[in-house]
Structure formats: C-alpha cells, structure tokens
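What follows is chain A paired twice: with chain B in the first complex and chain C in the second.
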Partner chain A sequence: MRSVELVGIDKYFPSSGTWALIQARLSLNPGEIHAVVGENGAGKTTLMKILAGLERPDSGQIRIRGRTVEFKNPAEATRFGIGMVHQHFMTIPGLNAAENILFGAEPRTVFGLLDKKAVLRKAADCAAGYGFSLDVRRNAESLSVGERQQVEILRLLQKNCDILILDEPTSVLTDQEIRSFFSVLRQLKASGKTIVIISHKVGEIKKIADRLSVMKDGRFLGEYKATDISNHALSDLIMGEYESPRLKAKAFPPRPAPTILEIKNLSLHKFKRKAHALRDINLSVGGGEILGICALANNGLSELEDLLAGRLKPDEGGVFFQGRPYPKLRKAPWLDGGIAYVPSDRIGRGSCSDRSVAENIVALDRGSFFPHGLLDSAKAQARTLKAIQVLGVKARPESKISQLSGGNIQKMILGRELSEPPAKLCLLCEPGWGLDYASLRRTYKRILEIRSRGSAVVLISSDIDEIMELSDRIAVLHKGGLTGLVTNGPGITKSKLGALMMGLENVYSGSRGTAGRDHE
Partner chain B sequence: MNKRALGDRGGTLVFTISAALLSSCLLLLFFSESFFDSFLLFFINPLTNRYYLGNMIAFMAPLIVAGLGIAFAFESHNFNLGGEGQLYSGSLAAVLVAIAMKGKPAALIWLFSFAAAAAAGGLIGALSGFLKRRLAVDELISSFLVSSIVVLLVDFLVTGPFQDPFSNFQATRAIPPAAVLPKILPPSSLSTGIFVALLVLLVGKFVLERTRFGFELRLCGANKDFARYAGIDEGVYALVPMFLSGALHGIAGALMIFGSYGRLLRGFSSGVGWSAIAVALIARNKPLALVPAAAFYAYLDSGAKSVMIGAGASPEIVGIIQAVIFLFITAARLPFLKPPALLAAHRRGGKAGDRGAP
Partner chain C sequence: MTWLDTLGGITASALEAMTPLLLAATGGLFTELAGMLNIALEGLMLAGAFFGFAAAAVSGSLLLGILAGALASSLIAWIYGSATLRLKANVFITGLAANIFAPSVTAVLSAAWFGTRSVVALAVPEPARPLQTSLGRIPVLGGVFFSQHSLVYLSWALAAGAAVIIYRSVLGTRIRATGARAEAVAAAGFKPDFYKLSAIIISGFFCGIAGASLSLPLGAYVPNMSSGRGWIALVAIYLGNRRPGRTALACFVFALAESFSNYAQGQFGIPSEFILAIPFAATLIALSLGTSAKNE
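Coming up: the complex of A and B.
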C-alpha cells in the first residue's frame, strides 16, 4: 500500500490571484526517499504544506495508508505521523537543544514544573537512537545551521512522525554538512521512515533520492525512478530548456580600473564571545573584478559581511570605498555613490515581510519616489514593475513579501540591487540562495555583465561552485584570518579550496602592501 | 491568506467588543439596584439624551488626537506609555499661556496655547526617545516613569503656585472667556474642538501615509534591520516619533481645556492618556479607524457616567468598567501578548524570535 497519496489537488491564492496547484498529485511508498523537484514557484512547497496540514486544498484528496483524511491544522497531520521541517528553521533562542526538541511535550515533575533532567535524558536518547551526534545540552544560538536542522528533525521524530517533509534541506548547508546530512537521511530510511525532500538541485537529488516527482507551474509532470533519468533529462524537464552550465571563461580585464573597495589591516577582536573573529584582513577590489570570499560556517564570513554592511565597527584597521571611509548609511545602488548589497539574511534584513513588493523597492530610493517629501505612486509602480521583470519575480507589486516563496524574495532583492545603472560596488552574499536553475543562470549572467561594465563585485558565499564559477580572485578565510588569496583558474580545484577553508594549507603570502591585487 | 488574516482580525475585534459590552452588563447587574433601568441608562441614554450624546462626542476629540499620538509611536515601534503625563503637562502649559495672554485676540491665544501644549508634551515624550537613543533605556519604562513624575509635579503646581486663590476647587485660574471654544450642543460640553481634532487627524493621516517621513517612520517600526539596510538613520525615528506622540497628547489636553473645562482642574484628565492607548489598539494605528474606535470608547464611558448619575451607581463602577474594557482590548491587541513564538513563526513561515517583543 502507498503510505501517502495526494490526488487532484487544486489550490488558488486569491491574494495574489494565482493558481498555486492545478490537479497536482504525489504518491509516496513506505520507507523511501522521495524528491519533489521543480522551479521556484512550481508549487512544491504549497503541495507539501497541504500534506502537513498548514494549508487546506480547494479540492482534491489526501490518503494516508489508504485512508482518506482531511487536516484542519498541523497537529492533525502530526497525529498521522506527518511532520515538516521548514526552509527557515524555527529553533528558539534561549532554550537548549533538548528543550527545543521536546518543545510542547516536555516531561514535567510531579509539581508540573519542567523536569530539566528528564528533558535532557529523553532528547539525548532520541538523538542517539537515530544516530545523531548532537550534544543536546548546547544552547540553540550556539548551534550551527546543520545542527539546528538536526534539532528540527528530532523534534518531529520524538513526536513519532514517520513521514518527514524537508523543504530545501541542503540550501543552507556546507558541503561537509550535506554529506553528514545525507548519511542521517539514509539511516532514517533504514529505520523505515518515509522522507520527502523539496529541492531543485539536480545533482543532489540524484545522489540521495529513490524516486522523484517533477512539478512545473503548479502541475504534476511525472514520476521517475532516480536511476532511470539522467541529470540532463531531469533539468530539461524542470526548466523546459537546457543551457550550458558554464558562463565563465571571459578573460579578466588586463588593466582593471582603480581600486574601489579597500580593506586595510582589519581586525575584529571579540564578537559574540568569539575571540579574534577577524584577524588582520587586507583585501582590495578594483573595478571590473569579482572577488570571491569563501569560508566554512563560523569562520568569519558573517562578521565580514556585517562589517561591509556597516553594522560592525572594526577594532583595528578600516574599510574604504573609493578612497573615502566606508559610508555609514547606504545609498540605493542606482544612485551615485550607492552600493548594491544582497544580504545573506534575506528575510530579516533584505526585505520587510509585512510590506508590499513595491514598498520594498521604493524603500531603497526614497529621495526620488518622494519628490518634495510626498509619494509619487506612478513612479514607484513603474520602477517596481521593471525590477520584477528583470529577474522574473512571480508576484504583483502589491503582494506582501510574506506571501512570496523564499526564491521569489531572493529574486526581488536581486532585481532591486542589480538593476540599472549598476552600482560601483556590489556586495553579494549567497546570491544564488534558493534560486532555481534558470534564475540562477540569469543572475550569474547579470553579475558578469555588471563586472564587465566596470563595477567591483564582492561575492561572499559558502557555495564553492558559485565562488569558482564567478570569481576572478578568491580569498579564503579560516578562523577569521586569510589562508589564501588566489587567482581563479585551471589550477584552482574544489579540494584545493577545501583544504584552505579547513586550514590544512595556508598559501596566503600577504604581508601588507603586496596583499592587495596580485596582478598588479 | 489575506482573507484569513482579515477574518482573524475581524473575529478578534468582534470578540473584544462583545466581551467589553457583556462584562459591562454583568457589572451593572452586580452593582446597580435595578438592572433594567441601569441597562437603559447605560446603553440607550448616551444616544438619545442630548446632554450625554454631546459629552460623548466631546470626549471623542481628545481620544482621537491622543490616539493619533499613540499611533505615531506604535507605528514606529516606540512604546509611549507616558501619554497621561504628556497630556497633563501640555494642558498646564496651554492654560498658563492663555492666562498670560489675556486680552489678546482669541486666534492668537489659541495659536500660542496649542503650540505651548505641543511643545510641553513633545519635550517630555522626546526625553524618553533621547534616553533610548543615547543610553538604550527602554522607552516603555522610561515614558511611564517620567510621566508619573510629571503628573505629581503638575499636581503640585496646580495646588501650589498656580492655584486660583478665589476658588474652592484645586484648580488654576480660568482661561480668558474669549478663548473658550464655541459650544455646539448646550448644555453638553461639545465644542468646535471636535473639528480641530478631525483636522489634526487628517493632517496626521497624510503625514503617516503619504510623506517620506511617514514612510520611513513606518518602515523603522516594521523592520529596523531592513530600515537600516535601506539607509535610514533609525536613531532619528526613536526621537522624532516620541516627540510627535507627546506633542499630540499635549494638544489633546489643550483641547479638553479649551473645549470643556476652561481651567486646569487637578486630575481632570482621569486616564485619557491610557484610554488613548486602547483606542489606538482597537484602530490598529490606522488614522481613520481612530474615529469609530474613539466613538466606541466614548460611548461606553458616557454610558457608565449616565448610570452613575441616573441610577446612583457608585463612581467606582465607572472606573471599573473602563478598566475592564481596557483589559479586554489590550489583551487582544498588545504585540507582546502574541501566541508562543513557535506557533506564530509557523503561521508566518518566518524565523522564530526574529522580531520579538520590544
């Protein structure tokens, strides 16, 4: 018997006027890893939210082990053993991992108080039982993204969920974390759990999934055994088209324009109880150049982002933009002296979730949308429509950001920050996050175009493929210090960068002065 | 999703209003001799009796203006709990200026008195904004504490240096009769002050919704990190909205003086600063919604007073009913009384605790 069958599911969102699902279906076998694949906005997440009881379908049937059910809320779905881990983790800071895992079902003492010992014991047993190497005593804030994901999964497991839905589980993980995550998945599968992964990363799906269902524009396209379909055929199905993955190979301009961003002797001693968050960083980026900066999690990448975003003040050294101290308040990228900035925190920082798409775009350039201090709605509308078109955001100017999928929010931010005319300096943090294949291509193309028009691009990313594909030079951070500043080329391999990121090698020759652009 | 959100909102509002009405009924049942008479006095009398109807509409004026002040603070994510002190001190400033300008044309008196009221209330509000910006003092606490001190200080001034020597009341001298706003519905205290209130409301709505200042203010309130990202100096929006909030409370106080009281009686504001919070919460900080919200609040207040006078209920019952209404409204509205963070995040699909209570 199928463990789950969804048949003829329709879902209409009146607020955005779109059909998210049209006669969508899905069937899951017990004990399999099943991938649901498709572009951003294909309806994957909506379909899964329906299965998890978070959304209700307009029509269609849900059958669990042959029984037709109707979920009014997630708790009812949980009773049928269905649980979902969302794209954005919901660990509660201030509680430890164990309390997060048992949230809402904590063991109590006879007086009805929280039994902290029992909480720790129960959570530790649960983690050990499924082969997780998580220390449940640790505080939620101190957990890495991968560990927080484990907390989320354990939370479902201790509720006896045997059908686990994971929304884009690998998008936030580093390569190593993905490997250990996959072994966790195989272990769960071996213990009889059914796992659904929402994803659009073709390579990964083929590695881990047994079967896959393809969705496009809210419709079900087909169901395949992972071994039966080639990578190319699969991306053809998802995109409806196939482009060569490598855009690169444009030569680095021989004489780059003068330095645009310069980081001099920058140190950040203590940050969030971490000693030496950043140590003696010297970097400079010229016009027409892309500098990729990569590191494993917790090695200074986010601190560097915050410094360049003006959120942190360095303890030593400084940051300069076109020879002047880095501006305190950012101007919109399309203004003179403006800086484009795509933050890694797209929901908290890059967008305002309870405001409309139009307001999120207008917010960046209040001067021209509020001539004489008063709103010019026609102009705001025009610019919004343009930005939406540039990267194909599936939304209307008046849609609220909270109604958009993660990938669409990212597209909105990219559309806004990379619009015409390009900024002199583009600070792009994890720009490819959550994007489907076609949008990723379009984004990369645009980044390279902006480079060729003389902008300096700083690409901060934990995705090595992205770094290798786009960068002219690559800087590697380990424990807050530079372990490498290399020119990208045939000699640069993933394993080479990996060794630098893990601090196994150090090829950084950078004494001050020569540490800048190595091609000069 | 939009529809559901609206449904939720409407549902809570209906629940709040019916709970407030129902509990008022229950209190009447307990505290009055004849329930039926009291019921009529409470619910019907304020609408049919000219005197009570006039007073009810008159009471709306300060509620609307002070409610707008609260909206300015809340929309920028500043919690101004010092409305009472700002209103009280604004009133004193207005009265003193009006008395000093005795004999001048009424228009001039109004202009300077209202400006003085706005300045006095505004400076007290801005003090909390300044403390927040400079020393990271929570404005919710500081505005409340500063206001408590200011109320005592004004009490002292009214009963001491500025006490009217020829009056038995604890009050200042009266403002020049020429400066009293024309009455509309005698013998009630309804005056043209209600039009002033509506005018202030329209200006406030325009500023909040159509200007760059209002846009930046609301953006800072919605997501400070994004506002900063967009290049807005969020420090300005700790200070200025608190000033405006206080200034509007001061104007509300001046309206009560010039419209109804004619002088500053000790304790005359009797919690208008707090009621304004309830009104703004019902209206969800939407300027136009402040009018029906103020009407509802004033209606219940008027009803309670009508019972007090008509059926001999003790004055305390008025206070109790107001407190109960306030309790219901705040319980359903205050942002930090949200469902547990996890649930809320579930619903929004956001990160838990990404934007907690202030």
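Coming up: the complex of A and C.
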C-alpha cells in the first residue's frame, strides 16, 4: 500500500492571483526517499504544506495508508505521522537544543514543572538513537545551520513522525554538511522512515533519492525512478528545455581600465570576539572586470561584505571608490550611478518583508524617484515593472514580500540591483542563492553583460562553481588573510581553490598596492 | 544620627519604594518575553490601586483588597489583550487606551462611591510588619530588611515565584518560545495568541498588586498615584536584559534614587523640583549607560 497519496490537488492564492497547484498529485512508498523537483514557484512547497496541514487545498484528496483524511492544522498531520522541516528553520532561541527537540511534549516533575534532567536525557537518547552527534545541552543560538537542521528533524522524530518532508534541506548547508546530512537520511531510511525532499538541484537529487516527482507551473509532470532518468533528461523536464546554466565566461581580453574599487592594507582586528577577522587585504577591481572572492564559512567573507557594504569600519587601511574614501551611503550623489548591492542575507538586508514588491524596488533602489521631494509614480511604476521583468519574478507589484518564495525574493533583489543603467560598482554576495537553473542562467548572463558595459563587479560567494564560472580573477581568503589572487583560466581547478581556501597552500605574493591588477 | 543610620534609613525606604516597581516589572516581564511591549503597565497599576483600596475600605480586609486590585487589573488586561489579539487592534493604541481608560474609570467610580474625584482617604487596615519584633531587633540590618510591611515580603515572594514560572514551568517555556519564535509554537500545534493573552493577564495580575501596594500602605487613593512607575518598570525590564534577577536589581536602583530624592528634600537647600527629578534623571542616565553597554 502507498503510504501517502495526494490526488487532484488544486490551490488558488487570491492574494497573488495565481493558481499554485492545478490537479497536482504525489504518491509515496513506505521507506523511500522521494524527491519533489521543479523550478522556483513550481508549487513544490505549497503541495508539501498541504500534506503537512499548513495549507488547505481548494479541492483534491489526501490519503494516508489508504485512508482519506483532511488536516485542519499541522498537529492533525503530526497525528498521522507527517512532519515538515521548513526552509527557514524554526529553532527557538532562548531554549537549548533539548528543549527545542521536545517542545510541546516536555517531561514534567510531580509539581507540574519542567523536568530539565529528563528533557536532556530524552533528547540525548533520541539523538543518539538515530546516530546524530549533537550536544543537546547547547543553546539554540550557538548551533550551526547543520545542527539546527538536526534539531528540526529530531523534533519530528521525537513526535513519532514516520513521513518527513524536508524543504530545500541542502540550500543552507556546506558541502561537508551535505555529505553528513545525506548519511543521516540513509540511516533514517534504513529505520523505515519515508522522506520527501523538495529540491531543484538535479545532481544532489540523483545521488540521494530513490524516486522523484517532477512539477512545473503547479502541475504534476511525471514520476520516475532516480536510476531510470538521466540528469540531462531530468533538467529537460524541469525547465522545458536543457541548457547549462554554466555559460563559461568567454575569456574577456583584459584591457586597461580605470580602477574603480580599491582595498588598501585593510585589517579588522576584532569582530564578534574573533581576533584578526581580516588581515592586511589588498585588492582592486577595474571597470569591465569581475573579481571573485571566496572562502569557507567563518574565514572573513561576511566581514568583508559588511566592510564593502559600509556597515563596518576597518581598523586599519581603507576602501576607495574611484580614488575617494568609500562612501557611507551608497546613494551619495557623487557616486554617479551608485553602487549596486545584493546582500547575502536576502530577507534581513535585501528586502522589507512586510512591504510590497513595488515598495521594495522603489524605496531601496539606487536611483531616486522623488525628483521634487514627491514620488514620481509613473517613473516608479516603470522601474518596478522593469525590475520584475529582468529575472521574471512570479508576483504582482503589490504582493507582499513575505508571500514570495525565497527564490522569488532573490530574483526581485537581483532585478532591482542589476537593471538598467548598470551601477559603476556591483557588490554581489551569493547572487545564485536559492535560484533555479533557468533563473541562474539569466542572472549569470546579466552579470556578464554588466561587466562588458564597463562596470566593476565584486562577486563574494561560497559557491566555488559560481566563482569559477564568472570571475576574471579570484581572490581566496583563509582565516581573514589572502592565500591567493589568481587569474581565472584553465589552470584554476576546484581542488586548487579548495586547497587555498583550507589554507593548505598559499600562492599570494603579498605584494601591495596595484600589483593585484597586474594581468601579466 | 550617624551616617550609618541615614544610609540604613534610605535603604529601608528604598526597599519599600521598590515594591510597586518590582511587581509591575515582574508583570511586564511576562509580556516582554511573550514578544509584546506592554505600555499599559501604568494604567493597570492605577486600576489596581483604586480597586484594591476601595475593596479594602469596604471589607476592612487587606487580603481582600489585594485580591480585588489584582482581579480588577487582570480583567482590564484581559479586555486589552483580547482587543489586541482577537480583534487585531494595534498594541500601542490599545495600550494607550488602557492607560487613558484606567484613570478616567477610577475618577468616575471615585465620584460615585466616595463623592470626590481627588484624594480619597479612608480607614483601611494597616499592613502588618511581621518581623519587626523578632529579626527587626538586629542592629542596622534589622531596620533595613526586617522592619518592612507584609506587602514588601509578598512582592519578593511573587517575584521569585515568577522566576520559577518563567524558567521552570511549561507555561513559562511556551510564553518565552512565543516571544522568540511564534511560528514554531504554531507549528508544534499550539496557539501563540493563547500564550500572549496569558502573559497579558499575568501582567495585569502583578500590576494590580503593584497598585494595591501603593494605595494600601498609604491608606489613601490619590489620582494618578502610579506617577510614571509603570514606565520606569519597563525601563527596568530593558536594563535587566529581560531576566528576573537583573530586572529586580534595576528596580532597586531606581527605588534607591526615589528614596534618596525623598531624603534630600530640605537637606541641601536645592530647589525641590530638581530633587524630585532625581528618579527620572536616574532612569535616563541608566538607560543611556545600559544601551551603550549593550551595544559594546
């Protein structure tokens, strides 16, 4: 018997005026890892929210182990053993990992108070039972993203959920965390759990899933055994046609261009109790050039972003924009087209979640829409529509950001920052985060286009593929210092960059000033 | 009088002045942890002061007075909370409404029941000083800590009880979780609004007793007698980093400022306007120092 069957599910969202699901379906076998794949906005998350009791379908049936059910809320779905781990984790700060895991089912003492010892013991047993190496006494705030994910999964297991839904579980994990996450999944499968993974990463899915269901534009396209379908064919299905997002930048002949951004002897001594957050960084970027900067987590990448975004002040050295000290505000009039900034934190810094798409574009854009102190609404509207079109944001201008999926928010921000006319300097941090293949391709195309128009692009990313795909030169940080500044080309491989990122090698000449712009 | 006696006297009256502050701040701690800024503490205290005093005057019982104050204030808090949570009204507007409602309803009822809208002074039983004849005989310390009236000790017990509820009870854990991440509480199958409403009613309960601890020992109800203590309590919560112990400490510092300003009147030949501003100035200074310390 199928453990779950969803049949003929329709769902309309009046607020955005879209059909999220049209006759969608899904069936799960007990004890399998099943991937639900599709582009951003294909309806994967909505379908899974319906299964988890978070949304109610307009029509259609949910059958659990052959029995037709209706869930009014997540608790009812939990009673049938269904639980969901959301893309944005729901760990509760202020409680420790154990209290988070047992939240809602805490052991109590005879006086009705929390039995803190029993909470710790029970959570530790649960973690150990499924082979998680997690210290449950730690505070939720101190946990890494991967550990938070473990807490979320344990919370469901502890409630005896045997159907686990994971929404884009790998998008927040590092490569190493993904490996251990996959071994956790295999272990869960071995203990008889059914696992659903929502994803748009074809390569990963093929590695872990037994079967997969493909969705596009709210419809179910088909169900396949992972071994029966090639990556190529799967991508074809997801996107309608196959085209590699990796455009491989045509080697752009380096030409002498005026330096736009210059980082001189930059050091940041103490940041969040970390000594030497950044050490003696010298970098410069000229017009028509993409400088990729990469590092492993906690090696100074986020501090460098904050410095370039003007949120931190360096302790030594400085940053110069066309020879002048870096502006406090990226809208300063003398910036001449300004600085485009795509922050790595799309929800906190890139957008105001309780405002509309239009307001987010107009209020946070580089340009001004207030020529005489009053809003020029025609200009603002034209700008909004243009920014939405750049990457095809699936939303109306008046939709609230909080109603958009993560990928759509990222597209809105990219559209706003990369639209015409291009900024002199583009500071792009993790631009490909959460994007599907088609959008990624368009984003990369647009970034290369902006480069060829003479803008300087600083690409800060922890995604090595992205760095290698786009950069003209690549700077590598390790423990806050440069370990390499190399010209991108055939000699630059993943393992070479990996060695630099881990500090195993250091090819940085240590020379100062403009040596970095030397194209040999 | 030696300097030691003076210091002891100031500290002793600070502990008395701390009582309403500590109770209001403890109540406000619940709403704060549930993720709401409760600006109605001031109005809730005033309601507690009036109804507590009226009930004690009519019944002749101190305990009934305290209970009536707590009950009346909880009731107003319940209305305030329901308007905010169920009717989705803006929490600042409803809080403001509660702050305006409390002094006006007490003025109307004061005119109806006692025939005056200004100070009502009636015979109410004076709170006992339970330890004065035993531990109170200890030199200096006895005068400071053990000669207080029963409401002072009650406030300590309630504040300690609140700390246990916040950190060790299921209700407290849920309230804290609601403030930290309401979606997670909802995802676990609970209603965040229930915990928010609980927190508001608990804050009303504590503020009611805080108000009663103003009017009952004085034996009178004075319009607007809370005189900004609800706001100072909010500052104390903030300075106390939303932790019960540190909040109590902040309350003590403010009470000390108040008691010092009472002592200093007519001592140094400084105009009393300046002296009376000491507690508020202290609040301002503490707030700016506390804020800059937090930003370090």
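Note that the second predicted complex is superposed on the first by the 492 of 520 C-alpha atoms of A that agree within 3 Å, B and C clash if a C-alpha of one lies under 4 Å from a C-alpha of the other, contacts with A are read in each partner's own complex, and residues count from 1 in each chain.
The definition used in the following text is that a residue touches a chain if its C-beta (ideal position, glycine included) is under 8 Å from a C-beta of that chain, and two chains touch if they have at least 3 such contacts.
All of these numbers come straight from a predicted model, not from anything done at the bench.
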{"item": "Side-by-side fit of chain B and chain C on chain A, or clash", "value": "clash"}
{"item": "Chain B or chain C, by number of chain A residues touched", "value": "B"}
{"item": "First, second, both or neither for A:Thr493, with chain B first and chain C second", "value": "neither"}
{"item": "Touching partner for A:Thr91 - first (chain B), second (chain C), both, neither", "value": "both"}
{"item": "Partner chain in contact with A:Ser452 - chain B first, chain C second, else both or neither", "value": "neither"}
{"item": "Chain B versus chain C as contact partner of A:Ala75, first or second or both or neither", "value": "second"}
{"item": "Which of chain B and chain C A:Asn29 touches, first, second, both or neither", "value": "neither"}
{"item": "Partner chain in contact with A:Ser191 - chain B first, chain C second, else both or neither", "value": "neither"}
{"item": "Partner chain in contact with A:Phe103 - chain B first, chain C second, else both or neither", "value": "both"}
{"item": "Against chain B, colliding segment of chain C, chosen among 96-104, 150-158 or 168-176", "value": "96-104"}
{"item": "On chain A, the residue positions that both chain B and chain C contact, one per complex", "value": "54, 74, 86, 90-94, 103-104"}
{"item": "Contact set on chain B toward chain A in their complex", "value": "1-3, 210-213, 215-216, 219, 222-223, 225-233, 341-342, 345-346, 348-355"}
{"item": "Touch list for chain A against partner chain C, complex", "value": "54, 73-75, 78, 86, 90-95, 99, 103-104, 106, 108, 112-114, 116, 155"}
{"item": "Of chain C, residues touching chain A in the complex", "value": "164, 168-170, 173, 176-177, 179-181, 183-190"}
{"item": "Chain A - residues contacting chain B, complex", "value": "13-15, 54, 74, 86, 88-94, 103-104, 309, 311, 329-332, 341, 343, 345, 347-355, 359, 362-364, 366, 370, 373-375, 400, 402-403"}
